[in-house]
Amino acid sequence: MEEKIKSLEEAVDLIQDYSILALGGNLIHRSPAVLAMALGLAGKKGLHLIKTAGAFDVDFLCAMGSVRAVEAGYIGYENEFGLADFYRKGVEEGRIEALEQACYTVIAGLRAAIAGVTFMPVVGLEGSDLVKARGFKKVKDPYGEREFYAIQAITPDWTILHVQKADREGNCVINGPYYEDPIMARAGKKVLVTAEEIVEEDFSDNPALTSIPGFLVDAVVEIPRGAFPGTCAFYYGEDGDFIKKFKACRSSEDIRKLVQEREISV
Amino acid sequence: MEEKIKSLEEAVDLIQDYSILALGGNLIHRSPAVLAMALGLAGKKGLHLIKTAGAFDVDFLCAMGSVRAVEAGYIGYENEFGLADFYRKGVEEGRIEALEQACYTVIAGLRAAIAGVTFMPVVGLEGSDLVKARGFKKVKDPYGEREFYAIQAITPDWTILHVQKADREGNCVINGPYYEDPIMARAGKKVLVTAEEIVEEDFSDNPALTSIPGFLVDAVVEIPRGAFPGTCAFYYGEDGDFIKKFKACRSSEDIRKLVQEREISV
Amino acid sequence: MKEYGPAEMMIVAIARMLNDGERVFHGVASPIPMLAILVAQRLYSPGLTYINITGGINARPEVLPKSTDAPELIHKSKVIFPLADIFDLSARGELDTAFLSGAQIDSRGNINSSVIGDFSRPKVRLPGGAGSAALVPTAKRVIVWRAKHDPRIFVENCDFITARGNVKEVVTPLGIFEKIFGRLELKSIFSYSSLAEIREKTGFRVSEPFGEEIGEPTKEEMEVLKELDPERVRDIEF
Amino acid sequence: MKEYGPAEMMIVAIARMLNDGERVFHGVASPIPMLAILVAQRLYSPGLTYINITGGINARPEVLPKSTDAPELIHKSKVIFPLADIFDLSARGELDTAFLSGAQIDSRGNINSSVIGDFSRPKVRLPGGAGSAALVPTAKRVIVWRAKHDPRIFVENCDFITARGNVKEVVTPLGIFEKIFGRLELKSIFSYSSLAEIREKTGFRVSEPFGEEIGEPTKEEMEVLKELDPERVRDIEF
């Protein structure tokens, strides 16, 4: 079996400019934030990001000029930390395309990719201006008269997840909420996992706890505190101070300096 | 909260003649066989059964004249016990309609029901005579030129599952393979669970092990050996002798006698 | 008794609107609905099914997080029911109440969480509607809440309609609107506010309230709130 | 060395056809493919991903069940990957090899597992194609096997085509066919059979085999088989 365990540098090299990347986790929770930081600091360009609800990971890549489009339901930090200003500014200045979806239609698009079809019919969206803005088309039930919005398949080149535990084969155990990670793992052409711990444990003792099947995973990187500055359930909470300092940065140089000061290995 | 725990008699009374029933498990494994026997012995009529791959449960209901249609990918006992003769005879004599699906299209139909849409596009079926025989229609991607077969939603009136453990709220832990049970539980208008054990355990200690969400479950019946004569992982294996004797029965009276002899409480 | 403010008033007003046995969902950035649901379960609707975006079902968080998508919100849940399943539940008509909010809320109960200005090159890019475009048309009842009440939020027409549909009530720090014949009509004014204040702070026509006044938070409600939320996470929306 | 029969020959012939690194699936009623995959993993393709209908991934059953859908087939699996996921995997083009069988197999590699006679009022109602109508057109390669070889099974045209598609090889107790330009052509004859026997027992035209003879099971293969299947579950198909 080929070696799936990679260093952070090797993992960063796997991701090509202009790729479509699905990022796991949700908001500041168990998102692959350190890997996202590493991509931004490595100067990746033209990334198309897929997320249901994103915060620091997306905003950081926007801040570093790595993003051409964001396809998501929500990008922001909720009440405590406010708007995702780098994302927002990028969109307002026309550098980043905001391909807003409803979170459900991100899921529907991923489900279409999983099932190898090019679209998925969904209930919902009626009356939303997103229909016109995003060009969502309808599809008619060939057996009846009902029409549904059709959501085009979303196929990430890479799905990038952060999990608590992975084994050498890429099997992953997620503690706490899964968010959309299992769906993203199935939809991605390739899957990169960062893990708090790569363990020697035999997951076959309780295979029902394995959230991500190893045979779908291409690369595994051990990154303790890999969801920093976000949370990782049962491991650590968020670092609000860091998020605030990041949000106060005025240039990519400020950001590089902040990362260095905090001695984050990216 | 209303009481979900029912006796077997109460559960049988819940199921109306001419209902559409999805039966969990697969072949002789963890299927709700005792509940199926009870329905057959109670003289239920006109049932439309949904299953990916079925064996004793479906065959028993066919033997008792309870079935009008079977919508499934496979009905048989595999190599050891051979064909499902009661089902087969019923179809050959025109008493039972064999609505053959591919197992995947049963799943697709259930998925459509889960998502509230009336059809699901699928890849596959190309070149199969099932297309004509079942009247499967195509649907075109409104964004492109590709066509897919559209599978109509399958909405069971009741999904009936057998599990190892349930709590009073209907949360279920399945040990071993899940088969299509979690999908069927979501697709059914109502859900009836039979369980080896109703436990006082607090499943919140490890919610990732709960396969069926209790809030979707309407009724729970404790039936130890409820998958008899089939298997229930980590609890018991099949009773091949009983299956052979059942298959040798020549009338519903023979079957009633066999069940009485074995002192099965149905 | 002036130990309560708009946060407490909104929470208890919403808690009293929920019914026993119903399935109620909140998503991200929703401390007030989170608390309202927890208060309702404790005092009025013990059989309510509390569903949140983490996949928690009837979670009993030990410590309330500021982020309503945080892992604390599956604590004591007996199953994980991920967001994809929750959307499906709503799409097939089995979700009773969903809580959503918006940057703008208009006279017809439409919400905008997307943009001010042109969609593709907006003046202000807002976070996005999260699940609202899918949930507002499919949940049986949508309760919209917003912890600020001013005329730039409560507008005659949204700049962009992110979601439209089954909005029934809109709860603000000043009172409650209900959608009647397609328009938001003032139902109740909270005791510390007035029709004049609401008219002043609302960008669309407001008639006399058609419903009864909502009683102030009771001692019992305040005690439960204090117990559930000693750190006053609820204030974060204000 | 005549310690082997058709079961062993079929199993090792199939085992040698599998490649390292590929994803291989079997469904119900498939003892021969189950054993062939396990032998292949042991001897030739340790990096093969063994997927079975129970959701087991690289399962290592302690005791081989007679039913190839039995819970024993997730033993030692590190994850559960249910059938719905397996079908999706094939539908999106990521399943390398699927094993399927049929009551009839015709000259074009089509399979019938549905009916003899009219579909709605058949002379014989067969069990049904299980996953075949979905998998045969979508798996990259389909290997069909059948433990009996007679002219009622190997027919010019199936009465009903349950599944058609990417059938590449057909393995019988007597030899191996390969689909070439849309027709099954005899590739290899097992040492204990003959062209004459195969022609006699096949309902369509059979040409001289175009491939090499398949070597008899080796001592090593027989030992692994004995170890994996001491109870001779493999005989159940015959």
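To keep things simple, chains are lettered A, B, C and D as they appear, and every chain counts its residues starting from 1.
By definition in this document, contacts are C-beta pairs under 8 Å (C-beta built on N, C-alpha and C of every residue); 3 or more make two chains touch, one makes a residue touch a chain.
Fair warning: this is a prediction, and the values are worked out from it, not measured in the lab.
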{"item": "Chain pair, B-D or B-C, that carries the greater number of C-beta contacts", "value": "B-D"}
{"item": "Length of the line joining the C-alpha centres of chain A and chain B, rounded to whole Å", "value": "37"}
{"item": "Whole-Å separation of chain centres (CA-atom averages), chain B against chain D", "value": "27"}
{"item": "Approximate Å spacing (C-alpha centroids) for the pair chain C, chain D", "value": "57"}
{"item": "Chain B and chain C, separation of their C-alpha mean positions in angstrom", "value": "40"}
{"item": "Residue list for chain C, restricted to those that touch at least two other chains", "value": "74, 80, 91-92, 138"}
{"item": "Contacts with 2+ other chains: residues of chain B", "value": "115-117, 122-123, 208"}
{"item": "Contacting chain pairs - touch in the sense defined above", "value": "A-B, A-C, A-D, B-C, B-D"}
{"item": "In the complex with chain D, residue positions of chain B that touch it", "value": "26-30, 52-53, 72-76, 78-80, 83-84, 87-88, 91-92, 94, 97-98, 100, 102-105, 107, 111, 122-130, 133, 176-180, 182-183, 231, 233-234, 238"}
{"item": "Contact footprint of chain B on chain A as seen in their complex", "value": "115-123, 137-144, 146, 148, 150, 152, 174, 206, 208-209, 211"}
{"item": "Chain D contact footprint on chain A (complex, rising order)", "value": "1-2, 113-117, 167, 169, 171, 186, 202-204, 207-208, 210, 212-215"}
{"item": "Chain B partner contacts - residues on chain D that touch it in the complex", "value": "28-29, 31, 53-56, 66-71, 73-74, 80, 82-84, 87, 90-92, 110, 113-115, 119-138, 160-165, 236-237"}
{"item": "Residues of chain C touching chain B in the complex", "value": "23, 46-47, 49, 57-58, 74-81, 85, 88, 91-93, 138"}
